[in-house]
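I'd like to ask some things about the structure below.
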Amino acid sequence: MIPNLNNLPVYDTTGVNERIARFCTRSIKASSKVEGLKLALSMIDLTTLEGKDTTRKVQQLCYKAMHPHDTLKNIPTVAAICVYPAFVKEAKKALHGSDIHVASVATAFPSGQSSLEVKLLDTKFAVDQGADEIDMVISRGEFLAGNYQYVFDEIAAVKEACGKAHLKVILETGELDTLDNVRKASEIAIYAGADFIKTSTGKIQPAATLPVTYVMLHAIKDYYLKTGKMIGMKPAGGISTSKIALQYLVMLNEVLGEKWMNKNYFRFGASSITNDILMQLVKSETGIYQSINYFSKD
Amino acid sequence: MQKNKDNSMFKASWSYNEAPESTDHIQIKKKYGLYINGKFSEPINGKYFDTINPSTNEKIASVAEATFEDVDAAVQAAKKAFESWSKLTGKERGKYIFRIARLIQERAREFAVIESLDGGKPIRESRDIDIPLAANHFFYYAGWADKLVYAFPNRTPKPIGVVGQIIPWNFPLLMAAWKLAPALAAGNTVVLKPAETTPLTALKLAEIIHESGIPKGVVNIVTGAGETGATIVNHPDVDKIAFTGSTNVGKYIQKATAGTGKKLTLELGGKGANIIFEDAAIDQAVEGIINAIFFNQGHVCCAGSRLFVQESVADIVIEKLKSRMDTLIIGDPLDKNTDIGAINSKKQLQTIENYIKIGLNEGGEIYQPDCKLPKNGNWCAPTLFLNVSQSHRIVQEEIFGPVLAIQTFRTIDEVIEKANNTPYGLSAGVWTQNGAKMFHLTQKLNAGVIWGNTFNKFDAASPFGGTKESGFGREGGLHGLKPYVKFD
Amino acid sequence: MSRLNIQKTYKLYIGGKFPRTESGRYFTINDNKGNLIANMCLASRKDFRNSVVIARNVQSSWANTTALNKGQILYRVAEMLEGRKEQFIAELIAQGETPANAKTEVLDAIDRLVYYAGWSDKYQQFFSAVNPVSSSHFNFSSVEPVGVVAVIAPENQSLLGLISVIAPAIVGGNTVVVLASETKPLTAISFAEVLNSSDVPGGVVNILTGKKAELAGQMASHMDVNSIIYCGTDEKLIKSISELASHNVKRTIFYKKHDWTNESCESPYLIEKTQEVKTTWHPTEI
């Protein structure tokens, strides 16, 4: 059932930014940095969502997912790769034998401007192709028009269509205008059955930001306090450096704590960040600043 | 919301490594004299006292103890300097003050490290708050020096003369800036005494003031304890006293200056109410509570040390507050990740510990996060007291430490009455998303500074100061000029 | 046929009523030939204490009376005084003023009330500020009344001096407890009648007659009085008032003026003396 949206915690950017500043001034050094970088690497949903994507492109990405940087020992693989439904089958095949998931965007991604019927078919197609995870978009137009029940029902229907696949619900926070709306949309998504809530498609600016993620983490925390159920979080888009990734992890660490500090409950939707993390890891090991020319771009 | 799970669910496991700020570039002398008439000089009686690093209880340096002869020399120097300094054009005076602001900015990092070494506050706070605000204060008042007539329409402001300034140990450099900047802008000369536990940044400031080329005797800095302060207060050639510190000492000074014609401003103690309504932005309110009471180890006169939470949200607020407290990092003030540093002195630690005992004896329910405190030095875990009432001493008296007394309330009238039910009137905080309720509260609360949906914010342009026994006079902003001028 | 005059009984003015002193004591006021003018109530510590209780009780509602309304009430006081000016001139003369001085004093007193009536809805704008802080907050400072003010009125110019001191205090939302001129108290009590008939709520101005030696210390030390004004030049008294004021960090205000007809006695800065600056912060970024 749709939750009561009238009595939700509210936020102002001034106050949230003050809190964010505290996360960003945490100084992460030496072994705690290496620990954080490896964790961040293991949480990546390596993503390609381009009109120009091809099977070959997806295969290359899958190889990178499994072999981030073979000269570095003891590093994890990424959590998943994230592609359009058309490439799910190929990705599944390419990743065979690894425990890397295949996530597929669906529901008329990125705008979501289609009928529910089409969205459900889109979802089912991706699931049938073997997707472990579905990243759906909410109908932002309906949300901003105040049709919360519509948004809720749509998510619930997609959740049902997902079957065993995990559902990540993209709020597209860059279109939601205020932090209070982000909180409201988080609430709708969680109660409608989301396993994860996710900030952005990556197609709208701003994509993921620390303040928006902060508000969503609190929605997850409050839901846990009420129900004892854990929901995951995925900031996506705009997380381009390992420094920013560590800031997200500091925030996760201090808002939700250790139970959420793994890929089952936290993901980064990103791609270029992978090499930056790898360069930092090599730097930590060798003490020498790195060049991108020594890290594979796929 | 009801309680389902305990806070350990949200325990953070990823611990950050030590990240100490480097002390390589810091210059601290072994021994500091008095800064009188443009020179660093030995105290006349030759006595020195130690200034201690409160996080290790190790000695940092020897500092001169000024007696009457030293204070007298400083006052005479200031008196002599006043003749020319007060006649200098505002434009020229202002340029010296601008210069001081710039010099502080240039040496900001050194100041921040010394502030944390000497006073125990986290480097994050001295770096991001104390030192920049101190520089801003000089910058702000420098600009007033040649514009004083615009601050007092239809009147002719004149400098008062020799100003004696006595500052506390909780924001050593910042308080020196709050005192010096407006005094100098208005054309006064100064004898300033920093607190005996935290004299170092004021003495570094003396070096900067010296470098600025300001005429000798305009600023004199003398160190010492209460007796040195009393000597300044009672000196017949001091025309004005500006004091920040405890209400008890403030009352003593008001009495001591009675009938002398000395002007007086007092910035004294407080027991700030921080009020959380059920329609507040709860997560931000929790941050506000943390910032209100644990900022600077609670060594803040305007700390929100009395928390009032509306009953309908009390459980969730307290639950979230405890969970948030669990993430606070307590330890080495020089570590960039430290949230709560060392208690400023052994004496202050004893005071705080004594209040915690009183709270327990009075039947308060205590909560402290499970945190390891360093062995050496002065440390106090962040502390909550639940189930207390207006009659408890820990609710009534200023503790000046990281100890929060929590009460619940039911109605708006009730919380206004309780919030105002104190001899103090320095600060208050209100958390609500209802605009009318916010303004209703900000009008009804009896305090000099009201923070709506925020707490412990300071700015050079913003007047600060209290009502009732929290003192009189304002520091900062346009209103902060008035205590340093006189009229025919 | 000769007619026996009805003599006026002078009582205290507390909480909008005219009680006798609870102590039952009196002191006499004579003209300069030594003839009795009146027996005045010799107010006691308890009379002062009762006055403070009432002044405290009405202070917030007086402060919350709209500025426009407060201004109109002060103007109303001026109107009522204008209507009774002959009586006040006669009383001043009886207390030893020359007819010319008495007339000037009463006319100045009326004009002074009008002057402060006009400030009622303006001084706040004059003393307030929006402060340009370096963070995303809206920050403003405004003035608020200090609260309950004890006033030791000037000995001379017992009407004009009294009005010059209490008008800026009450227009600023304070309530006052006044000790009238010890040697010339008549006009203070007659002025209380003017106040009482001109919409000033009871308790906003309370007027006692009595002795400084007995009451000044109580006024200076009372823990529920926020500020004390002493008009006079007795340095010993200034010192003792200042010392006693330290008990509750009372704001002390000393006026050593001799001449209250002076234009310098009209100023918004005199209103400011019994005001406190309150600074309010609020975030601005949604």
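First chain written, first letter: the chains are A, B and C, and each begins at residue 1.
Here, contacts are C-beta pairs under 8 Å (C-beta built on N, C-alpha and C of every residue); 3 or more make two chains touch, one makes a residue touch a chain.
Computed from a predicted structure; not experimentally measured.
**Student:** Using mean Cα positions, find the chain sitting nearest the overall protein centre.
**Tutor:** B
**Student:** Determine, using the mean of C-alpha atoms as each chain's centre, which chain is farthest from subunit B.
**Tutor:** Taking each chain's C-alpha mean as its centre, the farthest from subunit B is A.
**Student:** Express in whole angstrom the distance between the two chain centres, defined as the mean CA positions of subunit B and subunit C.
**Tutor:** Inter-chain centre distance comes to 37 Å.
**Student:** In angstrom, rounded to a whole number, how far apart do the mean CA points of subunit A and subunit B lie?
**Tutor:** 44
**Student:** Provide the C-alpha centroid distance between subunit A and subunit C, rounded to the nearest whole angstrom.
**Tutor:** Subunit A and subunit C have C-alpha centres separated by 70 Å.
**Student:** Note the residues in subunit B that touch 2 or more other chains, in rising order.
**Tutor:** Correct list: 453-454.
**Student:** Can you list the residues of subunit C that touch 2 or more other chains?
**Tutor:** 135, 137, 283
**Student:** Can you tell me which residues of subunit A touch two or more of the remaining chains?
**Tutor:** 12, 14-15
**Student:** Help me check something: in the complex, which residues belonging to subunit C touch subunit A?
**Tutor:** Residues 135-137, 283-286 of subunit C touch subunit A in their complex.
**Student:** Subunit B touches which residues of subunit C in the complex?
**Tutor:** These residues of subunit C touch subunit B: 126, 129, 131-135, 137, 139, 141, 146, 226, 235-236, 238-243, 245-249, 251, 269, 276-283.
**Student:** Under the stated contact criterion, what part of subunit A meets subunit B in this complex?
**Tutor:** 9-12, 14-16, 18-19, 25-33, 35-36, 39, 218, 221-222, 224-228, 249, 253-259, 261
**Student:** Any idea which subunit B residues touch subunit A in the complex?
**Tutor:** 1-5, 9-19, 124, 128, 281-284, 287-288, 291, 316, 319, 327, 335-337, 433, 453-454
**Student:** Where on subunit B does subunit C make contact in their complex?
**Tutor:** 136, 153, 155, 247, 250-252, 254-255, 257-259, 266, 268, 423, 438, 442, 447-454, 457, 459, 461-465, 467-472, 474, 477-479, 487
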